Amino acid sequence: MDWSMLQQYGPSLLKGFANTIVCWALGTVFGMALGLVIALIQRYAPRWVTWIIQVYIEVIRGTPFLVQLFVLYYGGPLIGLRLDALPAGLLGLTIYGSPYFAEIFRSGFRAVPDGQIEAARAIGMAEGHIVRRILLPLGLVSALPALVNFSIILTKETVILSIITVPELLYQVQRMSAETFRYVEANLVLALFFWGLVETISRVGHRLEARITKHLIERT
Amino acid sequence: MLAASSVEMRKVNKFYGKFQALKDVDLSILPGKVTCLIGPSGSGKSTLLRCINFLEEYDSGEVRIDGQLIGYEAPNKKMSGRKLREMRRSIGMVFQQFNLWPHMTAKENVAEGLIRVRRMSKADAERRAVEALAKVGLADKMANHPSRLSGGQQQRVAIARAIAMEPRLMLFDEPTSALDPELVGEVLSVMRTLAGEGMTMVVVTHEMGFAAHVADQVGFMEKGELVGVDSPDRILHHPQDARIQSFLRTYHERNSF
Amino acid sequence: MFSLAVFLQSFEPLLWAARYTLLISILGIGLGLVIGTLVCAARLSPYPLLRRFAAIWVSFLRGVPLLVQLLVFYYALPVIGLDVPAMVAAVVTVGICASAYISEIWRGAIAALPRGQAEAAVAIGMTPFDVWIRVILPQAVTLSLPALINELILLVKASSLVSVVGILEITRASQAQAATTFRPLEVYIAAACIYLVINLCLAALGRYLEHRTAV
């Protein structure tokens, strides 16, 4: 491994890494938000609306992420949607994750015992309050492990953004290896880097989730 | 003590698909009196109780609270959510599974309804909550989460949660069925106090002792029918109907030693 | 705006390319099943070294994005001197990656089996090997069928990534098509439709199998 190469490309690799983190973080947050909205709509909306949502979910889950990105980034301009690579990637990641997050939230909601919702209805609480004070807090606690798991999966999906020229880590590594002809080392190191990253996030994520769960259940 | 509500149920029917859970039930709940509903499991007692606050939607007949129809504006026209919530504010309900919210302390559980539904300030709500908890003997446990309370304590908090809303009618759905025997007494004692204060109460229970000593009228249900409703003495000690006799006989067999 | 003509015309070349998508997915999961079974056996074996190796295998292949795995393989092969057609490289990479997930699916299914099953078999004197083949494996397979079909669906979607190593499956073909028609929107939506149909069929197959094997 040629370390001088790292020195030369260090800044651009760091920039790539920063972009990966940004895309992952924002994609996860927005994806979760959209997923939550979808889950709530599925719970409260009339039949025909949930039908449309179901179609959306099936389409997003049934097609490859890469093809979705192509439709957004390359096909978008044809209907007036002109986005730069990074915003397109972010939008793509958000949309891609939303049905998975929605399903996770739905499971979380289902795990809240009906009785606790009934008790709230029995004292005349409005549905909005029931969602805010009972359904969401308790549903979130149930959903936390799955939310953490899926956001870890999303970290790996960010590399696909490189194909639509989002300057994240893989993109920078590809550029570096194209200029130095060190394809194998570069990608191997990247592989090891991702392995370490995912393992670390996994462990930290699960530890954090245990603490948040404890905190949410016993707020003393 | 606030004025107590009366409940009139006329020809109430409820179907689950083809299965008829309630058959033409007529029942009057007198204000300030305790009505107990007894009978075998699946007889429809809980279903009938839950029709009173429309947690179960009855299909035909009328349920009137203080003369006002609940759940429907007119036959086949359901009441608006807002009106239903308004009516429910004066009805308290205690569930078999307590249904306390696990992420809130006892005090927060009791105050929640006051803050969200009665729109009290947090300070006022908490003060009222503490009073209600004191009434059921749990003022010292107000900072505890349900997970750190015994079953009997949880149920008493649930009762406090209901009475803090100053209801005119209290519904109890098998309040002690999920409790260990030694914890039943503390809950029945609170219920007795409430009855003594003149609260209209409808209690679905298997506790015959409570029905015999505290109830003003006892109704026996079987297979969706209200077979008989009368004074505790007549239903429990001198039942005329063979079905009631058979039920009580089985009960005595299982419970005496 | 949206040209229906281009959309419909794209289907012919894309369906032609779909053969490769299906080929890679099916061969991939086939390879993944074989290797995955071995890895799972290693993970559950009584030899600590083997267990360690298998755990690292699973951890690495699930931690590294498939795209990176493809690129490593693609670039590494000429260096090692292996002149393998891109198709083989792709199937092997996809299969190896799938093996890690399949190993975990097996593990989960075996763990979900009631202990009593194996105990009953041992009690009547079956050999450990027989217990595995006749009692544990068949039930594990039934339990994992939904997860395996799901894995196949994931592989079909993942196959879109082998486009970067030049294989003319659906995604690559759609890129070529978009370049010639200058209408990427219609072409990529057509590609999406084909993937969707394949996956919906697989999902239906999964539900059918679940029904038939329900105990």
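We just call them A, B and C in the order they show up, numbering each chain from 1.
Heads up, the rule we're going with is that a contact is a pair of C-beta atoms (placed from the backbone, for glycine too) under 8 Å apart; a residue touches a chain by one contact, two chains touch by 3 or more.
A quick note: this is a predicted structure, and the numbers were derived from the prediction, not measured.
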| item | value |
| --- | --- |
| By count of C-beta pairs in contact, the leading pair of chains | A-C |
| Of all other chains, the one whose Cα centre sits farthest from chain C | B |
| Central chain of the complex, centres being mean CA coordinates | A |
| Chain centre separation in whole Å, for chain C relative to chain A (CA means) | 22 |
| Euclidean distance of C-alpha centroids - chain A vs chain B, Å | 46 |
| Inter-chain centre distance, chain B versus chain C - centres from mean C-alpha coordinates, in Å | 56 |
| In chain B, residues with contacts to at least two other chains | none |
| Contact footprint of chain A on chain C as seen in their complex | 1-2, 59-60, 62-69, 71-72, 75-76, 79, 153, 156-161, 163-164, 171, 174-175, 178, 183-189, 191-192, 195-196, 199-200, 203 |
| Chain A to chain B touching residues, read off their complex | 113, 115-116, 118-127, 129, 133-134, 137-138, 141, 216-220 |
| Chain B residues within the chain A interface of the complex | 53, 55, 81, 85-89, 91-93, 95, 97, 99-103, 112-113, 116-117, 143, 145, 147, 158, 161-162, 165 |
| Complex contact set, residues of chain A against chain C | 58-59, 61-68, 70-71, 74-76, 78-79, 156-157, 159-160, 162-163, 170, 174, 177, 183-184, 187-188, 190-191, 194-199 |
